[in-house]
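Report on the following structure.
Read from first to last, the chains carry the letters A, B, C, D and E; within each, the first residue is number 1.
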Amino acid sequence: MKAKTIVALFVVFAVAAWSPGAWAQGPIKLGVQAPQTGALAKHGQEQVKGIRLAVDEFQKKHNVQVDLKVYDDESDAQKAAASIEKLAGVDKVHAVVGGYGSHLVGPASEAAERYDTPYFTTGAVDRKLSAKKLKNFFRLNHMPGYAAAQSGAIKEALGAKKVGILYNSLSATAEIAQEVKDQLTAKGVEVPVFEKFEKGTTNFKPLLLKVKDAGCDALLVEGYFPDYVGTIKDAKILNLPVKAYVGAWGIGTPEFVRELGPMSEYVYGTSIWEMGTAPKEAKEEEAAMVAAYKEKFKEEPSYIAMLGYLSGKYMLEAILKGGKASGSYSPEKTREALRSLDVMSPMGRIAFDEKGDPKYFTAALFQTQKGAQVVIFPTDRKMGEVVYPAVPWGAK
Amino acid sequence: MKSRTNGEGLRDKVAGANPAPVTIAPMTQPATGATLLEARDLSKHFGGLRAVASISFRVRQGEIVGVIGPNGAGKTTLFALLSGFLPATSGEVLFEDAPILGLRPDTLCHLGMARTFQVVRPFPEMTVFENVKAAAVFGKQGRRSNQEILSDVEEVLRATGLAPLAGQHPPSLSLPQRKRLEVARALATRPKLLLLDEVLAGLNPKEIQEALPFIRSLNEKHRVTILMIEHNLRAIMGVCQRILVLNFGQLIFDGAPSDAVEDARVIEAYLGGQQHA
Amino acid sequence: MISATSVVQSLLSGMAEGVNYSLYCLGLAFVFGIVRIINLAHGEFLVLGGYIAYWLLVKWGVNPLLALPLAAAMAGVAAFVSYRVFLQRIRTSSELNTLILTFGLGIFLANLYLQLWTADIRNIGVDWMEQPLSFFGIYVSVGEILTILISLAVVFGLYFFLTRSRTGMAIRVTAIDRDAAALAGINVERVDLVAFTIGGLLAGVGGPLLGMLAHISPGAGLHITVKAFILTVLAGVGSIPGLLVAGMILGVGEALTVTFINASYRELFGFALFIAILVIRPSGLFGRRL
Amino acid sequence: MLEVKDLSVRYGDAHVITGVSFQAARGAITCILGPNGSGKTTLLRCITGLVSPASGRIMFDGQNLQGKKPHEIVRMGLIMIPEGRRLWPPLTVEENLKMGAYLVNEQARIDGQLSYVFDLFPHLGSRKNQLCGTLSGGELQMVAIGRGLMGFPRLLLLDEPSLGLAPLVVREVFRAVEKIVDAGTTVLLVEQNTQVALSVAVYGYILEIGSIALESDAASLRENSHVKEAYLGL
Amino acid sequence: MGNLTRAFVSERTAGCIVTGFVLALPFLLSFNPYYTSVFVSALILGAVAIAWNLLAGVCGQVSFGHAAFFGIGAYTSAVLVTKWGFSPYLGLVAGGVFGGLGSLIIGIPAFRLRGPYFALAILGFAEVMKLLALNLTWLTEGSLGIMNIAPLPPLEVGSLKIDFYASRTTNYYVVALLMFAVYLVVYFLRRSNLGLAMSAVHGDDETAAGIGVNVFRTKAIALTVSATCTGVMGAFYAHYVRFLSPDTAFDGYWSVMPIVASLFGGMSALIGPMAGALVITGLDEFVFKRFFETGHKLFFGLLLAVVIVWAPTGLLGNRVGKRSEGDKR
């Protein structure tokens, strides 16, 4: 009896699963693998919004239909790889964009390589990802670009002598913390406090007191939104005597300013892109994207959305270009097209090296001044003067 | 005055249902065997309550000894102490002249002491056969062939009348059958001493009448010494050669059943102390 | 080197954190002690309270402290409905079943919040509550003092409710001896429902505080549930004042681990303590007394 | 006042009570006697709604108790003092007593009944702020009876009040029970202490292995040698 | 004999059906790599669930922290293979051995605890293990995780080369093989005298001790075997996903889902947990996800609650949570 029920159920699944892969020539099939649920859901969702915008624009511009398939990897490594199996193996997409978190992108990019499908991510900065030298792997941002902006600004723009680094134990933050520490030490800046905390930490006072007792000029927090909120609130209570507060990424964003109000003022942060930070050549593109984004989603785009947008845009262009060159959309031609890319974008110049890493990527270091992000480093992208010493908890 | 049982008086019921004292006679032969179990000054305190207070007694090989006493007299606690389920506060217990206090229940079982529980506790997920087999496998130390174990199990099942039910699961058995299973399981460990905790409770008079010869046969055929707790006095009178009476944790009587019912302290314990309230 | 003032400050921060921990776990401990259900959806009830306060603040500028009653009430309603629809039906089955059931409810609620309120991380910030005060070189904020007072008030309020009020006493005696309570005329089934609902209310009070002191997000509940469970075991089932002490031990222990060892061993401290207590003294530090 | 007809109770398939019928007359003490394990406690649990019967009928004051929950039965004025007292040890004597009046709403009635209980057991007055965990057996039994009285019972069910008590204390407890009856409460007493029970009761039933074996007025039961035999198995 | 009861017959039938189904599944899915990889995960889960059920369903000791043994197994193999160049096949064995050894560390103190306390002590242990994996950076690479873990090396049988890198189907059959190995271990253990002892301990550990069963040793064996099987599956996972981080290896998923699968499939039949794992995966993949792409977990939570309340015996029936009738407390 029960056995029959099971068999029946299985048969239903099997039939439901049977979807013969049709091979239509016309439309470009673009796959997206990104976390829509689970720990990284927020970032994945923004990423996908950016990609959707890019698809809309591309369809309008080239009058080529794009079949977009979005699969949720549930912030889980196994599901990430499985999503690629589905996109590349079943839906036979021409390329995949998305991917957030090095631990998800790792298995996913491996899977894409197995299917010889170009994989273009905007959310994984771990060095080891490109060390594998996968031929289908491309990304817009990577670790050294972030670290250089931070250590450079701390040494040159702020002139801090002693820096306390607190970092979230998650992989990306742990990696950048180590990188920045090495660069700072090489530049002769002391790092007396270098400590890892776990996600979910809410009482930062004991950590901040260590920074205080070590007499640091600057506090560098390599973390995520909750960590910034926690450290800034606790630093305010302790009246922490440092001269600058630097965050890694995701700080100073509109959401950050919205949630923290006056206490978002004067923070330093690295960003790939924020409203108004585009180089001159790409100002127009920036404005158009922001306008279209606001129109479509009724909110401001974050840098993650921008990254998603750019990855979608350049990937589609590459597929089309490769396809025009050869008559069909082949992975080889798409790769070639991507490798020959060299453009100015709202996040700066984009070109890839042979490992798929961005050749020219450097993040900018900005300071939030009156709720706006003012780039202060590197000097060639400088938008305004640095306010130093100044900390968010000193703001009125 | 009216009696509910077909107009019979209580005495009629007793006489009709139970073998007369004469038939019990063979059972009351004095046991002459060596001492199998001995408790010396055994005590158990729970906080301020003395559940078992300095009890000493012996059980000889081949005896059937009853333990009676009103509710809360400490009978079950005494059993738990003897069988290693509770640590004693003070005193000593010897089994075949070796001290056994502090040994784990499974070790005691290997030494030859098995017990049943007041509320039957069969293993519900296992068949009757498996219940008994588990006891046969683990009850004695040392490897035995599967053949030997199986023949043991079959013998026990036959002896306890459970053979036709071997494939059933305990929840489908009737209460008397489950009580038998409880005993069968203990028996399958091949004990020298069997501690029976109210095996007759919950059975109706007819079922009790059927159970008594069974207990006697365990003693006779399987040469098992038995120490049994019972609430049902009549039953224990018919089967035991000697009874121990507990009240308020103390041993107030140790002797032949026929003497117990004449003993003033026993009567007081059972019927209440005050003749004039 | 670490200065003496810093050690004291760290210690105090741990105590403050600990008091709030006890508030976060109060509902779980209460329900476990009375109804014998380990409510794995506890954290989600708490997060619900947090969202209520957040939206009241963002939409109408309601001070989160004033939002406490509504936050508690909504979480209480969620608990009430969960109990009536699901838990009541398996009240007499095994503990494992209630564990799985509440776990399922937790997943459901967390994903429901995700759909309703997006994955954004929310922080409840009120400027005047974030102002620091200084005493002899030791700093605290107005909000911290307030939240500690609220936590203490709720913990002691519950304690007095249980020991002084008629309903509270009924709940308490039902937990001690269910039959005796029924024989005294107490509707013990209703007590279960009421107690579970109160557990939800208590969780709801914790939400706005969590949002003020840290942050809330749809998935934040599980972490709270785990912390709450550690504390419940640490304190010993049924001991409400014991929760405060256990909270402090955990909070202070975590803070001092950071100060003297390393921040990355903070969580390890909690779990090591949890296992040690389970193994050495399964009844917890304060045994079973209501 | 209470009439039980053909009541049977089972646990699983164990027949604990089979076809029991009896009555408790208004304003008097009726006792049910029986050795351990005869089903007395189960019978009471069934009357008070803690256990559902397999069959049979329980009428209290002309109302059928079928399907009623324990607290509803208490509200009707049928209150049991359970075997082993079942007090709440972490509560004080006074708190225990007050919880007995859980269904009573007027404070004045509660206070009045409280002083009635302390009159009945003067000994308890000096201990009213003591935790119940620290009392002696006799005191516990008095608190238990007191707690039952706090609910204004019309019928009080006493389950083995003499259990584990010294003879002198038993006498004290039973004297109080008689006073309670004099004050107009009906009592159903379940005992294994035959002597004491029969000295206060007007009518008695002997329960044996789940059914009534004998019933008679207390005086004849006292004289009846069968009672003793039933217990001692002669 | 009488010991081949109806329960066993249905176990056998169910076993055959599930076996047949597992073998045929890739054909049914027309070797669609995505679905195949989804069911690779399902089989890993199924194997862990069978192992979990040895401890819980057979021996009666519910664990809430099997992620501990899964993670230990995964990390053992990953570290041995990437750092010291062991063969991944040896890694599978080592993963099992270390999973088993790890279980003794917590088992010895925790067996004194009962019911939920035992379950949660193991949960605590899993968290401790996760935190150690996070902090013992020299060994585990900390939160960065271990990447590029070698896949199982290809097997050459005559002219046939079985490749585990590119093909999901070969992985599927390997994991199916591992799962049946776990099933057979549990099946034969259950039928052995030790299994009898475990069932006895499950029924009532005091009574079991009373008939001579060494309760502690029996529980320890059940836990060790269960943890060893779980460790092997963890090791396989490491070489299948090829990336490990503390968060993925010690994910609460591996503690919770085996329980869910077992309850869903039924705990009294050994094959129940396996069936449960397949059905849950199928439902989530083919029903909930189609219904509600981003919110499918919502249904999952609700389904769990509904199943517990309205179908508490699972697909193949279990006997958890029975109470005597008549007692309406």
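Keep this in mind: contacts are C-beta pairs under 8 Å (C-beta built on N, C-alpha and C of every residue); 3 or more make two chains touch, one makes a residue touch a chain.
Note that the structure is a prediction, hence the values are computed from the model and not measured.
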Labels of chains that are neighbours to chain B and to chain C: D, E
Number of hops, chain B to chain E, where each hop joins two touching chains: 1
Chain whose average C-alpha position is farthest from chain C's own: B
Chain B-chain D separation of Cα centroids, rounded to whole Å: 31
Rounded Å distance between chain A and chain B, as computed from the means of their C-alpha atoms: 75
For chain C paired with chain D, centre-to-centre distance based on mean C-alpha positions, whole Å: 43
Interface hub residues of chain C, defined as touching at least two other chains: 111, 114, 179, 182, 188, 264, 267
Where chain D touches two or more other chains at once, by residue number: 12, 50
Where chain A touches two or more other chains, by residue: 37, 169, 198
Footprint of chain E on chain A - complex, ascending: 2-3, 5-7, 9-14, 16-18, 20, 36-37, 70, 72, 74, 76-79, 81-83, 85-87, 89-90, 102-103, 106-107, 110, 114, 126, 128-129, 132, 169-171, 174-175, 198
Complex contact set, residues of chain B against chain D: 1-5, 9-11, 13-14, 70-72, 171, 174-175, 198, 201-205, 208, 231-237, 248, 260-261, 266-267, 270-277
Footprint of chain A on chain E - complex, ascending: 10, 13-14, 17-18, 21, 25, 28-30, 32-38, 41, 131, 134, 142-145, 147-148, 165-166, 168, 237, 241-243, 245, 247-248, 251, 253, 275, 278-279, 282-283, 285-287, 290, 293-297, 315-317
Chain E to chain C touching residues, read off their complex: 62, 64, 106, 109-110, 112-113, 115-117, 119-121, 124-125, 127-128, 131-132, 134-135, 252, 256, 259-260, 263, 294-295, 297-298, 300-305, 308-310, 312, 320-323, 329
Complex interface listing, chain C residues touching chain E: 38, 86, 89-90, 92-97, 99-101, 103-112, 114-115, 178-179, 182, 188, 222, 226, 229-230, 233, 264-265, 267-268, 271-272, 274-275, 278-279, 282
